[in-house]
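All remarks here apply to the structure that follows.
Letters are used for the chains, namely A, B, C and D, taken in the order the chains are written, and counting of residues starts over at 1 for each.
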Amino acid sequence: MSSLKDIGVHVVHVGGNGNARAVLREVENLLQKLVEKGEESSIDLSGLPLSAEDYDLLEETLGEGEVVAEVHSLGPTRIHETGVPGVWWVTHYNDEDEVLAEFIEVAWCPEILLAPEDDVKDGLEALRARLFELKQESNHG
Amino acid sequence: MADETLLEILKRRGISRRGFLKFCAATTSLLALPPSMAVAVADSLGRLKRPAVIWLSFQECTGCTESLTRAHSPSIESLIFDAISLDYHHTLQAASGHAAEEAREHSMKADWGKYLLIVDGSIPLKDGGAYSTIAGISNLQMLQEAAAGAAAIVAIGTCAAFGGLPHAQPNPTGAVAVSDIIKDKPIINVPGCPPVPAVMVGVLAHYLTFGSLPDLDDLGRPRAFYGESIHDRCYRRPFYDQGKFAKTFDDAGARDGWCLFELGCKGPTTHNACATTKWNGGTSWPVQSGHGCIGCSEPDFWDAGGFYKALSTPVDSVTGAAAAAVAVGAAAGVAIGIANRQRKAQARAEHQTVTIEDLEK
Amino acid sequence: MSASLEKGLNALREVMDAPIASFFSSCVHCGMCADACLFYTETGDAKYTPIYKLEPLRRVWQQEYTLTGRLSRMLGLSKPVSDADLRNWSELVYDSCTLCGRCSMVCPVGNDITYMVRKLREGMSAAGHAPEGVIGATKRTIELGSPMGVKLPALQAQIRGQEAETGLSIPIDVQGADYMALLSSMEIINFPEYLGALARIFHQAGVSWTLSSEAFEATNSGIQIGASDIAREIVGRIVTAAEKLQVKHVISPECGHAFTALRWEGPNLIGRPYPFKVVHILELLDELRTSGRLQTVGKEDAPLTFHDPCQIVRRGGVVRQPRALLGEVASDFREMSDPGVWNWCCGGGGGVSANERAEHLRLTAFKRKKSQLDELGVHTMVTACANCRIVLEEGLEHYNMNVKVVGLTELVAEHLVEQEAGK
Amino acid sequence: MSAMELLLWARGPGLGIAVAIFLFGMTLRLFEIYSLGRKTDLAAPRSPTPGSGWRTVFSRSLPYQGTWHRSGLTVITGFVFHIGLFIVLLFLLPHIKLIHSLTGLSWPALPTSLVDLVTVLTLIALLVVLVHRLMDPVKRLLSGFGDYLAWAVTFLPLLTGYMAYHHLLLDYTLLLALHILSAELLLVVFPFTKLTHTFTLFIARWYNGDIAARKGVAS
């Protein structure tokens, strides 16, 4: 029997629709804003129809940077700095590794990497509680 | 518990603020809002208290509920449902019989004027609405009662939004849409057969986030999802522009992903988000799998001239009318021809030879 | 004194046919016929647009021969053609149209507008709206035998004159001659040398010919005024004479509309084909030339040009022959712009030259010919139509132009090999 | 009535009605014309004239040099909009599908973007034609309600088709419905305006060519 692969379906791409160039120009503007005014911003990539060629062009132009990070909350979120410092590629996945949302963030550091203030406070309390427990244990010990 | 905010619920479930931020970013993206709105979304969703929701199912196939609950990425969508208090849903609720109806009545009384009413399925009007009843109450009556106390109504699926399949000719049950009955409440139509799950969730998220109706088109559909046609966002669109069309479902053009217009694709007249959100967790969508759009999120899609007929072709055959027209035209032509010949013959008969005396008055 | 609107409308009902219906059905009002009409180009007045001149005919067609027209007429949505309408259109139908046929050549949908103007004149004349001058010419043709009132004695006097001039006898009423020649009264009165030229050429070529004392006048005012009954009577005289003399051919003189009347309209007027052939004099001359029976000597050296008479060239199909003949007798023949079937009318055909009230308009229209001549800079213009010749001469005189007009037949005759003439 | 209902009406009963009126009207017109007949020409033709009517049917499609010179604007805009109309009507795929479904005939389509360009040129030409008709004294004199109606029903399908393709101003479904309705209006108006020239000009040219050829002139 033939397998699925034997069915001669091959999708021919007809070239990008030019949205990659528009995105790149937008990145340039946002980066200039960051440099001049310190304003951070981002672009929602799922809001635009981007072909495979568009993605290739985006990735090729922005390149790879120094930082790679991963956040584990509600499924993974993968972040990497592009070859242009200050330009971050942020992709949110669900637990099944499907893309939920994808952004290009123009910032000193992506929002999601920063430790949230409330969480830090909660962490401080948790840490103090832990230290208190340790002290109790050593006292008893 | 009922006074817990969403953020508190999430926290209780071990979801961090980072996770919540991620959820808000995804929701913002889903709602096609600018990324900068994520903070606003996070702020209001975070403080959100669980609103009551009543879900009524009338003449329907449960496909809409299936679509919603079988969503591939339940983690995000289910968050929204965690945020609501789904007090009544035939299919999903544990209670049945009198207990279920009591729950509905209780919820209506408790949250009168505040609850969100979700409806799927059309409402039969013929023969006193006898074609569909729940606990002896006709759909019409139940809808009217529930609608009276609703803050807003969401008509989920093409049946509730436009009448859908039950409404198709000859419409034996006299099925109508929610908007045909309820005129005094805000109604959001979320058509589709079934609607894209992310769209259903997105609409709910919007309502919950902003407490208001999203921007609607003239058919009551949220523009964020129904603002563009399938054709506009179709990845095969460049083939349409180049004039490359699949002629059959298995020809070389079809294999190369050419435009399906000739095979009856209704993409140009259909407004939905399939082309961008796709189905089954972004796996594919009808056109990508090689079949033209059937226009399921549009009114009367079932009677729109055939799924496999190109949009520009006639719905009905005109051959009969054409033949009759030619025949009648020929008959009229022969009649006027005879009349004309008679008039000319008469003119000849009345001809008086013109002499030079006849040249002046 | 019995012309009436009803008679006129009845005539229009009678002439309506499939070509007219197809023409009116096809007109898109593009106005290109205006640019083809010298009465429009020289005045710039839109009312001279050829298709506009046909409004009364179009209205009769639409109101009486189409279903929608009949219905709107019944419902009172369209007004029938009135006597005032026809009176208002008289100038357009008679004064500003020479039936030159140029519009019929340019119409993109192929309307033969000239064909329709000719038909419309049937109704106009029967309704009493033909111009006085043309009515007068028609009356003289019927009553005296020629539009200019030329009678047999006048012709006989000219025959004697030309016989003396050429030393040749001019045959009259010869039974069984091959050719019966006809003349236009303008030739008899203004250009009798045409008759002499015929005698000399036919003598040299050995053509058996004759004139008829009963029918020597070729012109037909009935055609110009648009009264078929009258035209039939006039052409009938020629047919009767030709049949009586049992000639094989009848020669149309150098007169444009005479050729049209005799060659194309005649059989249709009398309702049967002729037992003889009709040839234009230029056709005969060219035939003699190609068969070697016409010998010429010497050529005109001065540059000269040819004015194509509409009825002979565009409406008659004699295009090649005049140029072939000119090639024999002229060394410096120059074509005007728009030569041959695209020529511009002299402005006096189709009865306009007989229509006094049109004189001013005709002279205005002549500016077209004037500019053609100015552009070419030639001082001799040959033509082959007595009417063109008169109109051209009047125009040239009016505009003080130094151009001489010559008849082609006479020009050929001047170059005949002389010793032949002496025999 | 929603846009979709309007579209369905246009594709269904509307089309049937329009095609029926068009065919009825044109059949009637052709009978009207031919039933008037024509007398046999008794004058001997200069030479045999077979095919000369057909020759003129084709030759009148080409302007002669003097026409270019004197009626240039009419000729150029006329050419552009006629050729443009034919290209758009006959070579846009949706139109071919329509013709195929009505007649069973089919042929290859031109790229949509090319047809789009042609549409723009045709629209421009038609606008020039209208302005010319309003400004030129001859055209203005000859023009009546029927002329402007014929212009409008020719212009509208092109305009609505262009707007639908580019999603201008209105919803696509509504525009498509309006486009089809405007084409149906064209069909309905067709037999009762000068638009009949599309067919009758062949008859007119044939007669003209035949009449002239009998006299030995190629007209």
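Note that in this section contacts are C-beta pairs under 8 Å (C-beta built on N, C-alpha and C of every residue); 3 or more make two chains touch, one makes a residue touch a chain.
Note that the structure is a prediction, hence the values are computed from the model and not measured.
K.L.:
Between B-D and B-C, which chain pair is linked by more C-beta pairs in contact?
P.N.:
Result: the pair with more contacts is B-D.
K.L.:
Just by CA atoms, which chain is the most central one?
P.N.:
D
K.L.:
Cα centroid separation between chain A and chain D, in whole Å?
P.N.:
Each chain reduced to its C-alpha mean, chain A and chain D end up 59 Å apart.
K.L.:
Taking each chain's centre as the mean position of its Cα atoms, how many Å separate chain B from chain D?
P.N.:
Roughly 39 Å, centre to centre.
K.L.:
Between chain B and chain C, what's the gap in Å when you average each chain's C-alpha atoms?
P.N.:
Computed from C-alpha means, the inter-chain centre distance equals 76 Å.
K.L.:
Can you give the whole-Å distance between the Cα centres of chain A and chain B?
P.N.:
Those two chain centres are 34 Å apart.
K.L.:
Which chain D residues touch at least two other chains?
P.N.:
28-29, 32, 34-37
K.L.:
For chain B, give me the residues that contact two or more of the other chains.
P.N.:
Residues 242, 332, 336, 340, 344 of chain B touch two or more partner chains.
K.L.:
So with touch defined the way it is at the top, what topology do the chains form here? Options are line, ring, star, complete, other.
P.N.:
other
K.L.:
Throw together a list of every chain pair that touches.
P.N.:
Applying the touch criterion to every chain pair yields A-B, B-C, B-D, C-D.
K.L.:
Residues of chain D touching chain B in their complex?
P.N.:
Contact set of chain D toward chain B: 2, 4-5, 7-8, 11-13, 15-17, 19-32, 34-37, 93-95, 97-98, 100-102, 109-115, 167, 171-173, 176, 180.
K.L.:
Which residues of chain B touch chain A in the complex?
P.N.:
15-19, 21-23, 25-26, 28-30, 32, 34-36, 72-73, 75-76, 233, 235, 238-239, 242, 255-257, 275-276, 281-282, 290
K.L.:
Any idea which chain D residues touch chain C in the complex?
P.N.:
It comes out as residues 28-29, 32-39, 41-44, 46, 56-57, 60-61, 63-64, 66-67, 70-71, 74-75, 78, 136-143, 147, 192, 194, 196-197, 200-201, 203-209, 211-212, 214-219.
K.L.:
With touch defined as at the start, can you tell me which chain A residues reach chain B in the complex?
P.N.:
Contact set of chain A toward chain B: 8-12, 14-15, 17, 41-44, 46-47, 49, 51, 71, 73-75, 77, 92, 94-96, 98-103, 111-112, 116, 118-119.
K.L.:
Okay, in this complex, where on chain B does chain D touch?
P.N.:
217-219, 229, 231-232, 240-243, 245, 261-262, 268-269, 298-300, 303-305, 309-316, 318, 321-322, 324-326, 328-330, 332-334, 336-338, 340-341, 344
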